[in-house]
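These notes concern the structure reproduced below.
All chains are identified by letter, namely A, B and C, in their written order; residue positions are counted from 1 within each chain.
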Amino acid sequence: MATRVLLVPPLARSVQRSPFWLLLPVGLLYGALALLPIGVILRLGLSDGGAPLRTVLHSPLLLRATENTVVISLLTTIIAVALGTLLAVALWRAGATLRSLLWACILLPFWTGVLIKNFAWASLLQDNGVVNAMLLALGVTDHPLTLLHTRFAVIVGMVHYVLPYAVFPIFTSLQAIDPLLERAARSLGAMPRRVVWLVILPLIVPGLSNAGLLVFIVSCGFFITPVILGAPSDMMIANLIDYYVHELVDFNAAAALSILILAAIAVLIALQQMLPKEGQHGTA
Amino acid sequence: MNVALPIAATAPLGEARHHLSVEHVWKSYTSGVHVVRDVSFTLAPGEFLTLLGPSGSGKTSTLMMVAGFEAPTRGAIRVDGRDVAQLPPERRNFGVVFQGYALFPHMTVLDNVAFPLRMKGLGGAARRRAAMEMLDKVGLADFAARRPRALSGGQQQRVALARALVFEPDALLLDEPLGALDRKLRESLQIEIKEIQRRVGVSILFVTHDQDEAMMMSDRIAVMQDGQIAQLGAPDEVYLHPETPFVAGFLGDTNLLRGQCVGLGEGAAIVRFAGDAIGPARLSRGGGRPGVGDAVLVSIRPERIGLLRPDEVAACVIEGVVADRVFLGRHTRLVVHALGQMLVVSVAEPPGADVVAGAAVRLGWSREDAQILHEMGTGATR
Amino acid sequence: MARRDGLGRIVLYAACLPVLLFLLLPSLVIVPMALTKGQMIQFPPIWISVHSFADYIEDPQWFRSTVLSFEVAALAVAIGCITGSAAALALHDRRFPGKGLVTGAIMAPIVVPLVVLALGGYMVFAWLHLIGGWMAIGLLHGMLVTPYVFISVQTSLVAALNPVLVRSARSLGAGRASVLRHVIWPAIRPGVLAGGLLGFAVSFDEVVIALFLQGPDAVTLPVRMFTAIQFELTPKVAASASLFLVLSVLVLLAQAAVMRRRASGRAAA
């Protein structure tokens, strides 16, 4: 008995895809709320032949704020990437239930938002807070340590915030590793420690650098945490902008500062794009 | 020396001169599922042994236990008599080729091949030289500086082989290495692997689900089903004299005929089939002798059934009616209604024009073509 | 061999424990903090009382701020879902030079410091005389929410939209609108939902932009809390923080449920 075949005519690719003008909404929104403001910022910051830029560059506050930002962000990045790698590896090795549990622990702070976290840390680190209570109880010290309103508190708060951002890229690159590579290496005589050093580590370098860059950039932009957990001397770049806007009411200078920040971020991203993309996974 | 071993031998499996010996190995998981049940075989020096079976038959698990990535729940694995159960994979000196080749993407082809030598402590220049020689042997010397992703599937396969052979392992373990390749490439690589084995002289334990591949490459085949070895023997032995219906059906087409044992002889029985046709059939090695009056199952390959001319005779002759005829190039396939069922007959020479649907024909076979089958036990010994 | 692996794993998980504790500690202490008697927050709490919650709800300013935050977040999610989904659809299955750049631009709000966005937004809205309204905050938050929805919908498209479905629907005579309603929307619905939930949390909790764009009648809850925190840590603040926390947990659970449904939908497909 002959069968009839229903043919699905091949349609042009363009018919399958969604129309390009769907990008219009996002374009309008970003255009109005991002490009336009940036245009305004550029205009204000570079007005008067660049006078606001000069004001900002000569301000001693800038030096202080930049130094704080770089140092604090660098420390935060190093700690966050280290801890993030630990968590990512644990996630990678864990069975299904343990993995869900770990994800829940990592994502809960991600969802609770910066204000809550800082508030909680403020409560925890204050002189009669939990941390001091524990230190006293354990006999580590005999009087409460000043933990709040210090650089230490700022770094604690920042690491706590950025840790999930560090875990995601590292975990992704771990997952991309062919599971048979470890077995191959061991079958060829490699002891487990050498497998980690010679096979796994080289393959997660892109993930590590992505995590580091993301965490560093996010850290540089912090505003709330230095205010709540830090001392006035821990002022970071974002706080400086706020200072220019709300205290000195010098919008031009604030704009000039914003230009500097955006330029710095652009440079960082460009640098990272230039890093050799080692460890691309092309298997059969 | 190609000797077919009985399936479940209680006798100790050979002297220490056997290279690799798998002895009554079981593997089960905490859920209680047995993936490997009482598997035993030996791999002689220079021998090519294939574990053949469908997915889930336990062949890869067995290989992984030999390699050291999984531990047997029961049983022993010995190399030259020494139990290797305590040795981790990195100390077992086996070369393994995995499905998907598992080449290190961040190293060049040369560094990939040199890797095991580096693990053995060879100096930089020495190991690169040895790796280069190996690459030359597989014809990939020009690709030494490339990354694996720049190579084709077949080339990556050869790099994986080179990497597994360069450190002169005790044996080569291959887990369905050719599955991802198209047929032409697979066939040429099969020939290459055999060629390499002949030249290097290494023992090979091969896992595949492709029966043609197993037949083409192996000195012996272990046909596996549900975690057990259903039959172990040389390709011709397993093909022409299958022991169980599974083995008969897995290694090619076959006709299964039911009959009754009406007499016993030396290594054969007389079987009465439906329609009172009577003919001899070989007894199976492992199944014991049927009693007179017992029901038996007989397997006959389509190409072993002959189309008889009116004056020809054979050990067993039956009458039938042709139901279908198809020309397949290398042979012509006839479906014949006989003995109360449909038989498939494969003839090399196209039969006469009068052999068409509806024609009456005479079919015949000899004693060597008919094989009595038995069902497999659970692996208990006699 | 299995034993040695096991030891390594135990060490790994043991090392993670302090880190996990570090991550969870803040969330764990907020609610107990809220339940203290007395005006100042202290630990250990003197005894349990819910007066701080009552204080919080009864204070008209704080109540208004809570409502406002919901309104702002609702607007932000509405905007973000539309723009994010549309962008994900437009870019799906398309290759062109510069696609990476466009994608990067869409993701930019996550990376650019909020202060810069806030400053720019402030200047544009000041010029438009829209400062002091909750809608300005909502619009800017909409831009903040867009990348989250974009990623989420993009993931859904890749995972759940079988390209053959679109082709067969079209060949059976379905127009663009029908394809959208019957083929595409079911596939991206979990993604829009998940992204929207995340976006809601992001907007509800956001401080910097709301701070810059605030007005006498447009003070979101986080801004009010931020101001209060700098001066004193009263239990009222802790009470609202607890509510915040509960909200976050609810959203997290909702998102997990959506994820699970998305995964099972994918398995069934």
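Note that in this section a residue touches a chain if its C-beta (ideal position, glycine included) is under 8 Å from a C-beta of that chain, and two chains touch if they have at least 3 such contacts.
As the structure is a computational prediction, the values presented were derived from the model and not from experiment.
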TODO: Could you let me know which interface, A-C or A-B, is made of more C-beta pairs in contact?
DONE: A-C
Task: Chain separated most widely from subunit A, comparing mean CA positions - done: B
Open item on the list: Roughly how far is subunit A from subunit B, centre to centre by C-alpha average, rounded to an integer in Å?
Closed with: 55
TODO: Measure off the straight-line distance from the CA centroid of subunit A to the CA centroid of subunit C, and report it in whole Å.
DONE: 16
Task: Multi-partner residues of subunit C (at least 2 other chains) - done: 4
Open item on the list: If a residue has to touch 2 or more other chains to count, which residues of subunit B qualify?
Closed with: 68, 88-89
- [ ] Please give the residue numbers of subunit B that touch subunit A in the complex, ascending.
- [x] 67-69, 88-96, 98-106, 115-116, 119-120, 147-149, 153, 156, 163-164, 167, 180
- [ ] Over in the complex, which subunit C residues touch subunit A? Could you list them?
- [x] 4-5, 8-9, 12-13, 15-16, 19-20, 22-27, 29-30, 33, 41-44, 79, 82-84, 86-87, 89-94, 102, 105-106, 108-109, 111-117, 119-124, 127, 139-140, 142-143, 146, 150, 163, 166-168, 170-171, 176, 184, 198, 201-202, 204-208, 212, 222, 225-226, 229-230, 233, 237-238, 241, 244-245, 248-249, 251-252, 256
- [ ] Enumerate the contact residues on subunit A facing subunit B in the complex.
- [x] 178, 180-181, 183-191, 194, 199, 202-203, 278-284
Task: Residue numbers on subunit A that touch subunit C, as the complex places them - done: 8-9, 11, 15-26, 29-30, 32-34, 36-38, 40-41, 44, 83, 86-87, 89-90, 93-94, 98, 102, 104-109, 111-124, 126, 128-130, 133, 160, 163, 192, 214, 217-218, 220-221, 223-224, 227-228, 237-238, 241-242, 245, 251, 254-255, 258, 261-262, 265
